[in-house]
Amino acid sequence: MKSKVKKSSLLVFSALTVLLAACSGNNGNNPATESANPTNGNTPAAEAPAVYDNGLPKDEKVTLKVGFLEAGYGREWFDHATALFTERYPNVTFDITASPKIPDLITTKAAAGDDKDMFDILYGLAYTEFVDANKLEPLTDIFQMKPSDGGGKTLDELIVPGYNVPEQYYKGENWLFPIANYIGGMFYDQKLFEDNGWNKSPKTYDEFLALCEAIMSKGIDPIVYSGLYNYSIFSFDTKVFELAIDNGNKEFRNHYENYSGPEFTSAESVEVYNRLYDMGQKGYISKQSVGMNHTQSQMLALQGKAAMVPSGDWIENEMKESAPEDFEWGYMAVPFSNNPETPIHINNGLSYAFQIWANKPDLTKQWAKQFLVSLLTNEVQQILVDKGGAFPLRSDFMDDSARAANMKPLQKSIATYMSENNVVLELKSRKVVLNSPDFVAANKHVQDNTALILTGQKEPLPILEEGERLLQKAVQEAGK
Amino acid sequence: MKTLTRTNIHIQKTVFLLLAVLPPFAAYVLFTLYPNVLSIYYSFLDWNGIGEKKYIGLDNYIRLFQDPVVLNALKHNLILVATVIPITLIISLVLADLLVNRQYKENKFYKVLFFFPNVLSLVVIALIWSFIYDGTFGLLNSVLRVLGIGGDHNWLGSPKTALASTIPLYVWCYVGFYVVIFMNAMSAIPKTIYESATLDGITSFQRFTKITLPLMSGIIRVGMIFLMLNVIKGFEYMFIMTKGGPGGATEVISLYMFNLAFGTESLSQHFYGYASTIGMLIFVLLVLLKVVIDKVFSKDSVEF
Amino acid sequence: MTRRMGSLVWRIILLLWALSVILPIIWIVYQSFKTNQQFFADIWSLPSTFQWSNYSKAWTNLGVGQSMLNTVYYVGLSLFISLTLAVVNAYAFTKMEWKLRNIVWSLIMLSLFLPGINILVPQYTLMRALDLTNSLNGLVLLASLPLGAFELLLLGSFMRSLPKELEESAFIDGATIFQVVRKIIVPLAMPGLVTIGIFKFVALYNDFLGPFILLSDPDKYTVSVNMYAANAMMEYKSDWVTLLAGLVITVIPTIIVYMLFQRKIIEGATLGGVKG
């Protein structure tokens, strides 16, 4: 055991030399902070032992095939992360297939059924289907691994709470490795709000309505959103939980997690849709939202033609090519309760995750896990935050004041909003996963009509009832 | 001069057929027919394209006949077939005739220009038309405002006008294609036929209806069938511009099938089996429509 | 007088249609010179300064140069093989008598009616088994070897209308079938061949889903796959002007090819006219 430690520290040193030789010194803080003992390290590499300190062989070459979704966060951070990893472990190289349409490729490869041809690490999608088919490697143990810069803490201790909750595991395991989460809500032009003296942080539903009224009186559409992609969910999906608290409905979350009560026609859901319908009828939600994609709708907010747009925190990065230099995005969540004691539930969730394919050589999978852990070092997180505009997942990321100060205006605005308001980050997790054509039909029916409800063109109740009927069929089927 | 014996010709013919027909036909069977036959098999499965394939007999077919989305989508497909096909054919025949049989000096330029929509990617065509129909700054609304009639309607965003708004888009794209087909077919009609007719003192309208159209009925029928196939199989514009919305107003059958097989942004579940069943429905529908078109044009000699 | 009037009406109709085609194109071209802010601020305004940088950005970001080379290779080779096959097969199906002809013909025509969305996966599996994925040659084979119903149908109907006398006399002179096809049928069928050539070209040039799934290496992407990906990126970005610049670049070769083809059609037509 002792000799093993020695051997590995020697190895870290040689890896370090490689790393230092390879990089031209532009990486300020070195990620390798393990118990490297430099006094041992004068021997040449020929005597180097065959394993790294993580127990994996040094001389066996491994190529990790990655199916990477090139999306709002870009790929710069990932190229950087893989380069860092190869510098540190020269026997590990990467074969990256990056595309904004990677899901098409993944599902085709999955359906073709050739495990060898599949990526080792792939963008996380449809994971319950993959898990049901025994195609994914459980990642629960990754959360017990220690990132190199974590001061000996496990990933589980270092990650923002909510991403490794055993009660929310699917089939007893965690299958997704989180890369970034999103904060949903209303996004607006700081300057427009300041110039008009509008309330940037309404505490109650009535205050929010008053804000909409104030905006309307200036001849500006209070809210526009992407009806084509149903982006209203980012602001309003979590409002049922606020109403449930107001109603004293203690069973609501339990029903929500297990589909054991009415879903679309619960008192809370009906109330949310009625209020939205009402807002639509009053003209608070622009009718132009219906056929709009999200860049179009966000563009209207950029131009001051609409005041607020429901979206996620990626909005700043997404719109950077079109935003004027001095434009500053602001953030608020929508309160749906009139009781200031009821916390505002902010829509929050995974916006980017990886999964590991199960039927792969053990060594490949072990390296894949090592690599994923390396993505949650603060060094990689920093690039993801800077270049990708993501919100950091490491809870100690902000401890460094320089890093916190470096955040973008929108990220700061979100942080400020959260600290000044009584908020809850709502992940909307469920314990039961429904997977049937009826379930899809139910959601399709409601989603297809959402834009018409929100713009006050269609009454919600009949649509919710039809959605509920289809959903209960799916629930019954699942119960069999 | 050689004389070819009967066997000699026979051998030559066999060699020709083996070389010319066999390899591409084998490739056709392998790459086109076989995958399609597989989807007949898929249509009896509960399969998400990932996990185990579960045989469920006729369940998918029963679902198909009870699925209101299917009915809604088919209705829209039929509306499109009934409008897009005749409008496209009439416009392209007239334009082709004008280009081929009239000697306007600008024709040379038009011959290239009219084909243009075909080389633009679908995405860009969708983009252009989205801007035409846009509710705030759209071209159509700008024009209407100038004329003083309305001008604030969200064309693709209203259930009443969304489907109808896609018709001009289809016509605009397809006309260029069929103008070229018809132009080339018209060019192949021997000039002597027209010349003798002109001597008989026939008007150009009569020339068009009495000579050109009958001579081209074969190609027109082919064009009709292809348009029908395109309109029913195609879903790209809806996919980009409306996602079948609002409220299902532009849902078409192939879009529904595609979304079931590949998932959508918000619901990433896959139903390969059921999607294949819808594929079977589309197949039957296409064959039926083809038979109808054949019945209408029964006099023609072109077989297929 | 009325004839003049009529002529004027027709010319106006032609002009209107031409405008409906050309205006969007001009629109695209001038939008491609704007900044994104100008583009969204007022899509009908003229660009204040010309943003040539959109073009350089499109060229590098979309990998237009490499993808054009790939496209030329893929489209050129596929077009050559499939047109050759189309001619000999159209001849075999319309001018020759053989036993299984009608069955094979209807089997091929069947493909017109198949919805084709579900065949992506089995096709991928097959191509994978034959080790033809991630290869432009594999793509060429898939695009050109299987008999296409559309080509056969169009060229077949064209060949049926050709007079029999010429080939018959050639056979009497002792020509082989190959010689007859090459020396007599191909020149006669030129307008038909050019027509299907154009369609095949457009189909090949615009096809993106199949090539995207079969080519995982972006260095092998064709123009349309690139544009498909670039457009998909627009879900995460708002850089429309670069996309439009990329489009303008990629459309130019298609136009040139089409113009060359179009001249051939006219030549072929006069040729047919003389013979007829």
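Think of it as A, B and C in the order they're written, each chain with its own count starting at 1.
The rule is short, and it goes like this: a contact is a pair of C-beta atoms (placed from the backbone, for glycine too) under 8 Å apart; a residue touches a chain by one contact, two chains touch by 3 or more.
Model, not experiment: these values are computed from the prediction.
K.L.:
Have a look at B-C versus A-C and report the one with more C-beta pairs in contact.
P.N.:
Ranking A-C and B-C by C-beta contacts puts B-C first.
K.L.:
Among the chains, which is located farthest from chain C on the basis of C-alpha centroids?
P.N.:
A
K.L.:
Indicate the whole-number Å distance between the mean C-alpha point of chain A and the mean C-alpha point of chain C.
P.N.:
Computed from C-alpha means, the inter-chain centre distance equals 41 Å.
K.L.:
Round to the nearest whole Å and give the separation of the Cα centres of chain B and chain C.
P.N.:
Each chain's C-alpha centroid was found; their separation is 15 Å.
K.L.:
If you look at chain B, which of its residues touch at least two other chains?
P.N.:
Correct list: 49, 272.
K.L.:
Which positions in chain A are in touch with at least two other chains?
P.N.:
104, 111 - these are the residues of chain A that touch more than one other chain.
K.L.:
Among all residues of chain C, which ones touch two or more of the remaining chains?
P.N.:
If we look for residues of chain C contacting two or more partner chains, we find 121, 228, 240.
K.L.:
Hey, which residues of chain C end up touching chain A in the complex?
P.N.:
Residue list for chain C touching chain A: 36-37, 39-41, 120-121, 124-125, 128, 133, 209, 212-213, 216-218, 228-229, 232-240.
K.L.:
Chain B touches which residues of chain A in the complex?
P.N.:
Within the complex, chain A touches chain B at residues 103-104, 107, 110-111, 125-126, 129-130, 132-133, 135, 227-230, 233, 287-292, 300, 305, 435, 437, 439-441, 443-444, 447-449, 451-452, 457-458.
K.L.:
Contact residues on chain C for chain B in the complex?
P.N.:
6-7, 10-11, 13-15, 17-18, 20-22, 24-25, 27-28, 42-44, 85, 88-89, 91-93, 96, 98, 104-119, 121-123, 126, 141-142, 145-147, 150, 153-154, 157-158, 160-161, 171, 173-174, 176-178, 191-192, 194-195, 198-199, 202, 205-206, 224, 227-228, 231, 240, 243-244, 247, 250-251, 254-255, 258-259, 262, 265-266, 268-269, 272-273, 276
K.L.:
In the complex, go through chain B and note every residue touching chain A.
P.N.:
Where chain B meets chain A, its residues are 48-52, 63, 67, 69, 130, 133, 135-136, 154, 156-159, 162, 241-248, 251, 260, 262-263, 265-272, 274.
K.L.:
Touching chain C in the complex: which residues of chain B?
P.N.:
1-4, 12-13, 16-17, 20-21, 23-25, 27-36, 38-39, 42, 49, 91, 94-95, 98-99, 102, 104, 106-107, 109-124, 127-128, 131, 137, 139, 142, 172, 175-177, 180-181, 183-184, 187-188, 190-192, 204, 218-219, 222, 225-226, 229, 233, 254, 257-258, 261, 272, 275-276, 278-279, 282-283, 286-287, 290, 301-302, 304
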